[in-house]
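Consider the two complexes below, in which chain A is the common component and chain B and chain C are the respective partners.
For the complex of A and B:
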């Protein structure tokens, strides 16, 4: 059958001894049955767990013979773990969520002008796609191997930042995958004629990578009407910028945008 | 003799999903059939218009629940054509790897369900057991067993973990032995052959007229495989044969799927060898920021509209485990696709039911419909 023509097999049913045609498939089944007495083909779930350390190297036991599909558990996408201490309130997890199950709620630790906001996740809606942990620029929102979530109350499906922080502190294995930022990533650019120097972008930037620098007043004819504005413009430090886009969304004049110009 | 209509479905062991097969019977003979689909419609095409390009992938895994990776690949190819993004070569090979493992998983699932339709319990357990190995491999690099969310516009999410190639080679060796066992259990069994030979005959010209594709068409002797005819990703760089049978009946479809699994193992060995020797990036290095690589797009609604982003149409067709699927993505320069449309192969295969069911007995319907390999999730979307 190496030439790919599967139809070369006999198209007529083979005529043979009726005892044989019952006995032969049963012999195959009996062989499997004997093997399964040595070791069941499945993981005996409540007593054994796939994430147990002893399965790390040799998982997926098929008919008594471990064939070594190890490490299936390492990249598992389960309940999230949040490190509140390193969260910068950039909102990227909430923006990237396709199910809109992440809400940014205020946690203690920020100053009254700029409250610290961390994700609160509703596991009744979450589909465990992992887009939020992919989006997290600081690596403080990761996914763990915890998966048993059943609870008698629906309200307990909503995990507050503090509860997610407890998951982080419980030292469960974390998903090790960290996405690398592309080298030529788009950056924040400014449309200078539209800017009014209002400082909104620099005020709300979670990494404080925007500084307002003075720009010279244009020298027109004496008495000519200058636009009413503050003579400052934002300058973005690209190496600190996490590309969260908060500045774009708070800009009242829509003068900031994504671009690739050097 | 009096004729009557009976409903096989929407809740019936024969249907494998939510759909209804209305059958007009005259005694034991099938006189006419009327397949009814639409019980599982979730509006996936419409929801896609309200999502960013990468977020649509979460829907693709739910679109076809036995071949999620193939549908992710289908959508991603369409979206990349619409957005004019080229993935790196390693991502191409990784996608072929995903596709072929998914084909193995899907065909093993089909094998398990099909033999259970015939009343054979032991092969069902073997099929499900061996499919689990494929799911274990998927879990080891995507993090989930069914909903993978692995592909991204411009590449894939992450590279393979260390040791993956050795583990998958072990699984492939294991599966190679199992195919012989399946054949001994089914083709070697006279009971199986007497229930399947000469049933549900669908000849080539009729199949083409109804738009039937995939293993059902190849079982009729028509050499049509998009992996060969219109190669996508890295399929033009791997060596394999198109599985064919000439009997056009249930046994022919069994033979084609079994041969396809052997060819998948052959492709996977080549792909794993290539991946061993060619490290490199798995995501295109230059992506528009709003595509969310790796971050999702953000910003005030509408800020993108005043900038000029490339517009385009994307059309892609792949050989999915069930047949030829097609996607059409319209990019009008915004954050979301303007329109997403899919062609489901199973919808066409089911719509032709009257050509291969009429004239057989009622007891023949489960094996014939089992050989079609129905996945209602993609039929209704």
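For the complex of A and C:
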């Protein structure tokens, strides 16, 4: 027998030996049986939880760290927590939601002329992607480790801002999802000839980073027709701007746009 | 306790009940009628049958629970655990649910066959349980040929399965029925040949006598080849994994019971597990000494009331645990493999076992002849 044709016992197919063919899987099953007699791997969910201290060290998250009491899973995305106090009503969460489950609703305690609006989330539609938390510029909409949301009523699946704020106040472990922003992020640019200086952008800017500066009234020939406008132009403070695009939405003349020009 | 038997218990119960009824009727002619010995005997037989039915059904349902729990551990999980203690009542709840369900008969199915098949399958399986002796007191079928009768009734099943499969008017059912018939007929032969080995050694077809012959040593030692053949053939007869080709849910939807629902499906399910119970009981009776215990077991453990039944059921459940173990381990075989194993391997092995048994008896080299005294199985 040459080396190529001689097979060892380990490389032989198990079908060759009918006794081994039966005995080997039965030995495996018996080993499993004895092992799970002490405790099967199943964590009996409603009675036991993955985050119980008894499972510390037994169950590891993706990064290899053990799950402990109150620890946050790596990128775990459960029910949202909303800090109403720091919410600036920028709409970015509702814009970024792929399931259209976020609706901006009025919350009490705002300026009566410009009511404060905060996200209301319909968990019947939510897919827990975390885009809203990523988009939130103030870090006031985060995702927590709470995952028990089942209710007998469909209406109870809609979480009002107040309810989300209660989740925030319950001090659950939070997982602020905030991805890195690109270096040359697009900024708000102005097309000056179109602007009429109406102040809508500065009025509605949630971070108040737009200031209306005077522009010199052109000195034309007397009798020449000047455009009818207020001689002011918006200037955006880029370090404060959260890129929510509210100014673009409210501009009546479509003179604001996204661009990368310095 | 040796004089108390299952029949005496049911007869006494019938007698007491009818005496109470007569006392209520104030010794009139009606009382005389109910205390007629024939009436008492008839009621006694009815109570006897009711006890047998209740025992078989209870054991069957507990057997399903036992399999679910064992299989759970083999698969690193827990099985049923919510209804009742450790899920013990889950199968009763399932049975109630099936009992309440409507039975749908497929269009153009044969009405008589569709209903006759499961019912006859169930009834024939129940009859076997009535034949088998469980202990000295529970010895209803003390017939001289009880083993033969049990096996004959056991082999009715392919006919009923095939009738119900054919009358379902479904190709999967028909294929499952055909497979079932082929498989059961192929494995009847080694099964009966393995039994012949036991009969040769015990010298009787009576199950009670076979157990009494095993008082000093159990048959599995000298007849280990017959035991292996019997267990393999019994696995095929019970259509359990790895020989569950007739049900093969991956190929034929649910085999011959595809079209059945509700109580008719429950009949099939119960009868399947009843046959598994009967198979385990037969193995215990033929090879593992029935209700006897080896001599090294202290007498306190073998002489308490109902000790025979206790040890018998313990052995039965351990044997069924072996079947569950096999189910958890082995994959399903193909049809050609199944038939090749049956005809090419098991029949020569069973013939060998018959030959070995005959040789053992003829050279008188068995403990019963004083050759090798070895107490206990």
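Remarks
Following the convention adopted for this analysis, the second predicted complex is superposed on the first by the 221 of 262 C-alpha atoms of A that agree within 3 Å, B and C clash if a C-alpha of one lies under 4 Å from a C-alpha of the other, contacts with A are read in each partner's own complex, and residues count from 1 in each chain.
The rule is short, and it goes like this: a residue touches a chain if its C-beta (ideal position, glycine included) is under 8 Å from a C-beta of that chain, and two chains touch if they have at least 3 such contacts.
These figures come from a predicted structure and were not determined experimentally.
Of the two partner chains placed by superposition, A:140 touches none, neither chain B nor chain C. When the two structures are aligned on the shared chain, A:28 is found in touch with chain B and with chain C. Look at A:128: by the touch rule set out above, it reaches chain B but stays clear of chain C.
By the touch criterion defined above, A:195 lies against neither chain B nor chain C after alignment on the C-alpha atoms of chain A. Of the two partner chains placed by superposition, A:82 touches none, neither chain B nor chain C. Look at A:44: by the touch rule set out above, it reaches chain C but stays clear of chain B.
Of the two partners chain B and chain C, more residues of chain A are touched by B. Overlap of the chain B and chain C contact sets on chain A: residues 18, 22, 25, 28-29, 32, 41-42. Of all residues in chain C, those touching chain A in their complex are 70, 72-78, 81, 325-326, 328-330, 345.
Listed in rising order, the residues of chain B touching chain A in the complex are 51, 54-55, 58, 122, 125-126, 129-130, 132-133, 136-137, 139-144, 147, 149, 157-158, 161, 163, 167, 170-171, 174, 181, 184-185, 187-191, 193-194, 197, 221, 240-247, 251-252, 255-256, 258-259, 262-263, 283-290, 292-300, 303, 306-307. Here chain A touches chain B in the complex through residues 1-7, 9, 11-16, 18, 21-22, 24-25, 28-29, 32, 41-42, 59-60, 62-63, 67-77, 91-92, 95-96, 98, 127-131, 134-135, 137, 143, 175, 177, 179-187, 243-246, 248-249, 251, 254, 257-259, going by the rule given at the top.
Interface residues of chain A facing chain C in the complex, by the touch rule stated above, are 18, 22, 25-26, 28-30, 32-33, 35-37, 40-42, 44.
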